[in-house]
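Next up: the structures, one after another.
The two complexes that follow have subunit A in common; it is paired with subunit B in the first and with subunit C in the second.
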Partner chain A sequence: MARFIVRRLVGMVIVLFAVSVIVFLVFNVVPNSNPAQRLAGKNGTPQLVKSIEEEWGFDDSLPTQYVTMMKKVFTGELTSYSPTLPVDEQIAERVPATLSLSIGAAIIWLFFGLLLGYLSALKPGGWLDRVLTGVSIAGISIPAFLLAPVLIYFLTYKLEIFPSGGYVPLTEEPWEWFTHLILPWFTIAVLSIGFYSRVLRSNMLDVMNEDYVRTARAKGLSERLVMRRHVLRNSLIPIVTLFGLDFGATIAGTAIITEVLFNVNGVGSYAAEAISKYELPPIMGVTLYGAFFVVFVNALVDIAYAYLDPRVRLGASAR
Partner chain B sequence: MERLAADERGPWRLALSRFLRNRVALAFLALFFLIVVFVLAAPLWADHVAHTGPNATHTLEKLQVGDETREVVTPAGLPIGPQWFEAGGKFFLGADSRLGRDEMVRLMYGGRTSLFIGIVSGLITTLLAIVLGLLAGYYRGWVDAVIARVLDVIWSLPVLLFGIALGISLAVGGLKIGPLEISGGSIWIPIFVICVFTVPYMARPLRGEVLALREKEFVEAAVAQGAGPLRIMFAEILPNLASTIIVFFALNIANNMLFEAALSFLGAGVQPPNSSWGTMITVGEQLLNTQPLLAIIPGTMILLTVLSLNIVGDGLRDALDPRSKVRLEAHAGMVEPKGTTV
Partner chain C sequence: MSAPILSVADLRVGFATEGGLLQAVDGVSFELRPGEVLAIVGESGSGKSVTAQTIMGLTRSQNSRIEGSVKLEGEELIEASDATMRRLRGDRIGMVFQDPMTSFNPVYRIGNQIAEAMRAHRDDVSKQAARARAVELFEAVGIPEAERRVDDYPHEFSGGMRQRAMIAMALALEPEVLIADEPTTALDVTIQAQILHLLEDLNRERGLATILITHDLGVVAEVADRVLVMYGGKVVEEGTLDEIFYDPQHPYTWGLMGSLTRLDRPRPRRLPQISGSPPSLLELPQGCAFRPRCPHEFGKCAEVPALEPRLEDAPSHRDRCWLTPEEKRARRVVEGQIGLEAPAP
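Presenting the complex of A and B:
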């Protein structure tokens, strides 16, 4: 297990390096106008462009430029230019909102996805099964920017069940925090509920054909015990990997759009605000931190996977 | 006897007849064509019914409906609601914002942009993926190592985040590669961004198939006949990838349209004054309380287009390879995470 973890962490560091190089390429090397001009944004004054040019050393060799960029991002020197604010502090301020949104959504989609998947595997071909097939196809196609306006219009404006938009910190008013986040949570979760229930269902149908399930039945275990102890547990293992990838992708993807739609002042809204002002430094910061977070989560998931399924780590160390 | 007769038809004819029997897929194919006709009819509607362009503003104008005069935009900045055919087709869906642009005309022209970006980026992605997949799978060794590694890295990136980063970086400065120069506001910028980040989703599975096909006897036979690498790749291996490519192409367009909508919604895709369904949602969302249709209609158009492409793609897969459905179900636990998570 220790060997597996070390190998995985080394792999993670390599990917982190690759990711940071891509960010560097996107912002500093992309062949077009003067990079300082680009960083200053569409409304950058000549003085600003000149000072950025000196600060970032765009005349230096590419490796030196790369080191300068990384130093700026991780020592908190990266600032937005209108108004001048340190990017890392701005991001840190908004992380709780983004995490509340993503973690809450993840809990909801896991709970309902697994519950419905379990129920439809008990009766494959039943009505629940067929409904969920439809839901998962629709879920892949419904974009958040259709679902959210519909939910907001009917549930917030017409029926006035939920408060409109915004984010209330959990530490200030837990109940308000909860009611403000219900709609955003479901907007993210609905798409995954159908998908996860389908995956769990087909995993379970696979596992039900395994010899050890027949053995468990043969030794007289009750059907319920067979399903929960043997079938469900073994079917959950692949879900761990899937969940890790999706959770990372949610934070660095769907959450951005959902935050904007529901006015949740999180990291995604911060990025969207920067986009509307054509300001690059905040986007550089968000991209780099976001990508690092995703890579880190993926590594954690792989380690958890290896812990749950010995075949993975044995296979890896035997190589 | 009848079965035998059926089997004498070629595989493509068989696939076609299987597809034609799939009523649901056919219905959604028809829907997709309707949407294409709808957006292609944009100039006709604009010239002959609405008598205005997609970017023409009508802020201070008044609309004559029967004996009544209606303001296109109220002094408070509220745009007029849907008029349907009351004003002879003008402002059929109302005006878009305080700028007073005709929502219906914008919807049709915006749809052109969205579909154009989706289809063109789908074509480019497919071509790139075919070339990369063939090269990596055929030559193996270091060629494969380099291509596979690069694809893996791009594949592991959070697509939307990097799409935003590249999209906004290019939107500010434009793109210059040698003689090729794209200005920051061009719709080729989002096409370029989408291609860069979606190629792995198609190239990786194709590479896998090529790796497997390369071991087959017919490739050995071609080598024995003295066929060169180009002929083997494009004349021997490529035809065997056709069914995979067709299915991926349909699904890829759907995925690219969602990607474009997400980028445009956030402002990192199609730049004003151009519009797409994504940017229309951004504008419409501001008035959700009073004019909900402004955000919901473009969203619904995206849903219908993407849904029809997904269902047609699934139907094609069933028709071209009837076993694939079974295979997918059996390996659903290994299914890769959804492409663009939007």
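Presenting the complex of A and C:
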């Protein structure tokens, strides 16, 4: 198991290196115009462009340019130029909001997704299954930009249950943090709840036909144990993969729309702002940040996967 | 003769399907005594597995119709509650399945899966005790390095070893009846023999009553005491091993025998086979179900023959065929083969 984890972490570093090279190419090399001009932004003065050119070493060879860029990223010298603000601090400031949003939403979608899927699969075709299928499909079909205004309109303006948006740090006022995030959490989670419950349901129905489930029944296990220990456990394996991708992607960017709609000042709204102001360095920073979380979460997921399915652990070491 | 431990009487199992009621098992009766091996033989779809699973209560569902009687030491199981059936399964009736590769849950250690079976029935068994018992069982079924291998995962076992582990699991609580559903079908021939001998030994040592379901007459000849031949959900012939092998009465049984390749006979140009394929249970032919495939079919076959003794000196040998015993004996051997073709006129 330890070997597996080390191998997975080495893999993670390699992927991140590849991502950083691609980011470098996409931002600084591929577009057919002066990269310094683009980095300076819409209102970049000729002096600014000139100083950026020197700072980033755009006259050097590509590998040197790459090294210069990565040095800036790692030493925190990556800055936006209008106004001049360090990107890493801007991101770090907003990470708590984005993580609060993503982690909370993930807990909600996992909990409800798995619960609804499990209940659906117990009696496939029964009335509960049919109701939950309808709910799931509705959840999958409603886009966030429609759901959010509807929730805000009814629950905030009409019923005045929840605040309309904004973010209160957890460390300052936990209750306010919670009430401010409930609507954005559900806005993100609804899609995944529907999706996960469908996936779990169909996984469970597949697993129920497995020979080992029949064996479990033939041993005289209670139906509850058969479902939880044998059916559910094996059905969760594909869910874990899905969760790794979705959770990484939520931190990295799905939250953008929700952050903007609910006025949560997280990394997503920082990126949205940067895009609207045509500022490249923040976008570059957010891209790298997003890639890091996607890759990191997936490494964690692979480790969880190996824990759930012993066959995975063997993989390379058995060869 | 000791009292039967398991008696099945006029068991009928039907499944509601889109095409109508599928009568998978149609009036099967037999008795099983301690220490006896009863083989149930037949092609796919003959109802042999459904019979076994119904005894275990595993065919119960909204779509199944189960009638008749299954008694375990006098206790009726067909009417028993699900909770009662759950308590019986694994404890008093053990089951070994066909494919050892897929019959263990891949994510749990084999020893834990055996312990799970024990702990489902005995609350007072500690984890350590269950593990110790699993090691003991591994040794009993001939798995080397038992102490170490109970902690292995199923994928770390070979097919033969898994089937041994499966048998160990079925025996964990010392059941009185063991149902082995094609226990050797998925194994190599050399491993098959080992597993059969293991079953035979256990049977002798522990007085276990065994139902062996198979389509392989070689397996039957090896271990069975009595044989039930099933076709289209019905028993078509029943008798002791010798009766069935030396004096088979039903043309279907001849067909099964004739399909065995024999090393002591000249090699046939073509491997013998029973022509046609098993009937759909939704549209069984009228009368004898084997009629469309039977070269000896005649007018009377439009009526279903009863399963009854038709030989004077062998009351335990029963079959469902209208031919007289003399006709049968004359017809079943054709050119050194058992009756696959109609006799020359």
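One rule holds in what follows: the second predicted complex is superposed on the first by the 303 of 319 C-alpha atoms of A that agree within 3 Å, B and C clash if a C-alpha of one lies under 4 Å from a C-alpha of the other, contacts with A are read in each partner's own complex, and residues count from 1 in each chain.
Here, a residue touches a chain if its C-beta (ideal position, glycine included) is under 8 Å from a C-beta of that chain, and two chains touch if they have at least 3 such contacts.
Values in this document were obtained by computation on a predicted structure and should not be read as measured data.
Visitor: Should the pairing of subunit B and subunit C on subunit A count as a clash or a fit in the superposition?
Guide: fit
Visitor: So, A:Ala218: does it touch subunit B (first), subunit C (second), both, or neither?
Guide: It touches subunit C, and subunit B stays clear.
Visitor: Look at A:Val264 in the shared chain and tell me whether it touches subunit B only, subunit C only, both, or neither; answer first, second, both or neither.
Guide: So A:Val264 meets neither subunit B nor subunit C here.
Visitor: After lining up the shared chain so the two structures overlap, which partner does A:His230 touch, if you call subunit B first and subunit C second: first, second, both or neither?
Guide: Second partner only.
Visitor: At the Cα centre of subunit A, what angle separates the centres of subunit B and subunit C, to the nearest 10 degrees?
Guide: 90
Visitor: So, does A:Val168 touch the first partner subunit B, the second partner subunit C, both, or neither?
Guide: Neither partner.
Visitor: Between subunit B and subunit C, point out the one touching more subunit A residues.
Guide: Answer, by number of touched residues of subunit A: B.
Visitor: On the A-aligned overlay, A:Met69 touches which partner chain: subunit B = first, subunit C = second, or both, or neither?
Guide: After superposing on A, A:Met69 lies clear of both subunit B and subunit C.
Visitor: For A:Ile303, is the partner it touches subunit B (first), subunit C (second), both, or none of the two (neither)?
Guide: A:Ile303 contacts neither subunit B nor subunit C.
Visitor: What's the minimum Cα gap, in whole angstrom, linking subunit B and subunit C in the superposed view?
Guide: Between subunit B and subunit C, the shortest C-alpha distance works out to 16 Å.
Visitor: Could you give the residue numbers on subunit A that contact subunit B in one complex and subunit C in the other?
Guide: none
Visitor: Can you check the complex and tell me which residues of subunit B touch subunit A?
Guide: By the definition above, subunit B touches subunit A via 153, 156-162, 164-166, 168-177, 254, 258, 261-262, 265-268, 278, 281, 284-285, 288-289, 292, 295-296, 299-300, 302-303, 306-307, 310-311, 314, 329-330, 332-335, 337-338, 340-342.
Visitor: Per the contact definition, I'd like the list of subunit A residues that touch subunit C in the complex.
Guide: So the residues of subunit A in touch with subunit C come to 210-212, 214-223, 225, 229-230, 233-234, 237, 308-311, 314.
Visitor: Which residues of subunit C touch subunit A in the complex?
Guide: Going through subunit C, the ones touching subunit A are 56, 58, 82, 86-91, 94-95, 97, 99, 102-108, 116-117, 120-121, 153, 155, 166, 169.
Visitor: Applying the document's contact rule, which stretches of subunit A touch subunit B when the two form their complex?
Guide: Residues 15, 18-19, 22-23, 26-27, 30-35, 37-38, 41-42, 137-138, 140-146, 149-150, 152-153, 157, 195, 198-199, 202-203, 205-206, 235, 238-239, 242, 245-246, 248-254, 256-257, 260-261, 271-272, 275-276, 278, 280, 283-284, 286-287, 290-291, 294-295, 298.
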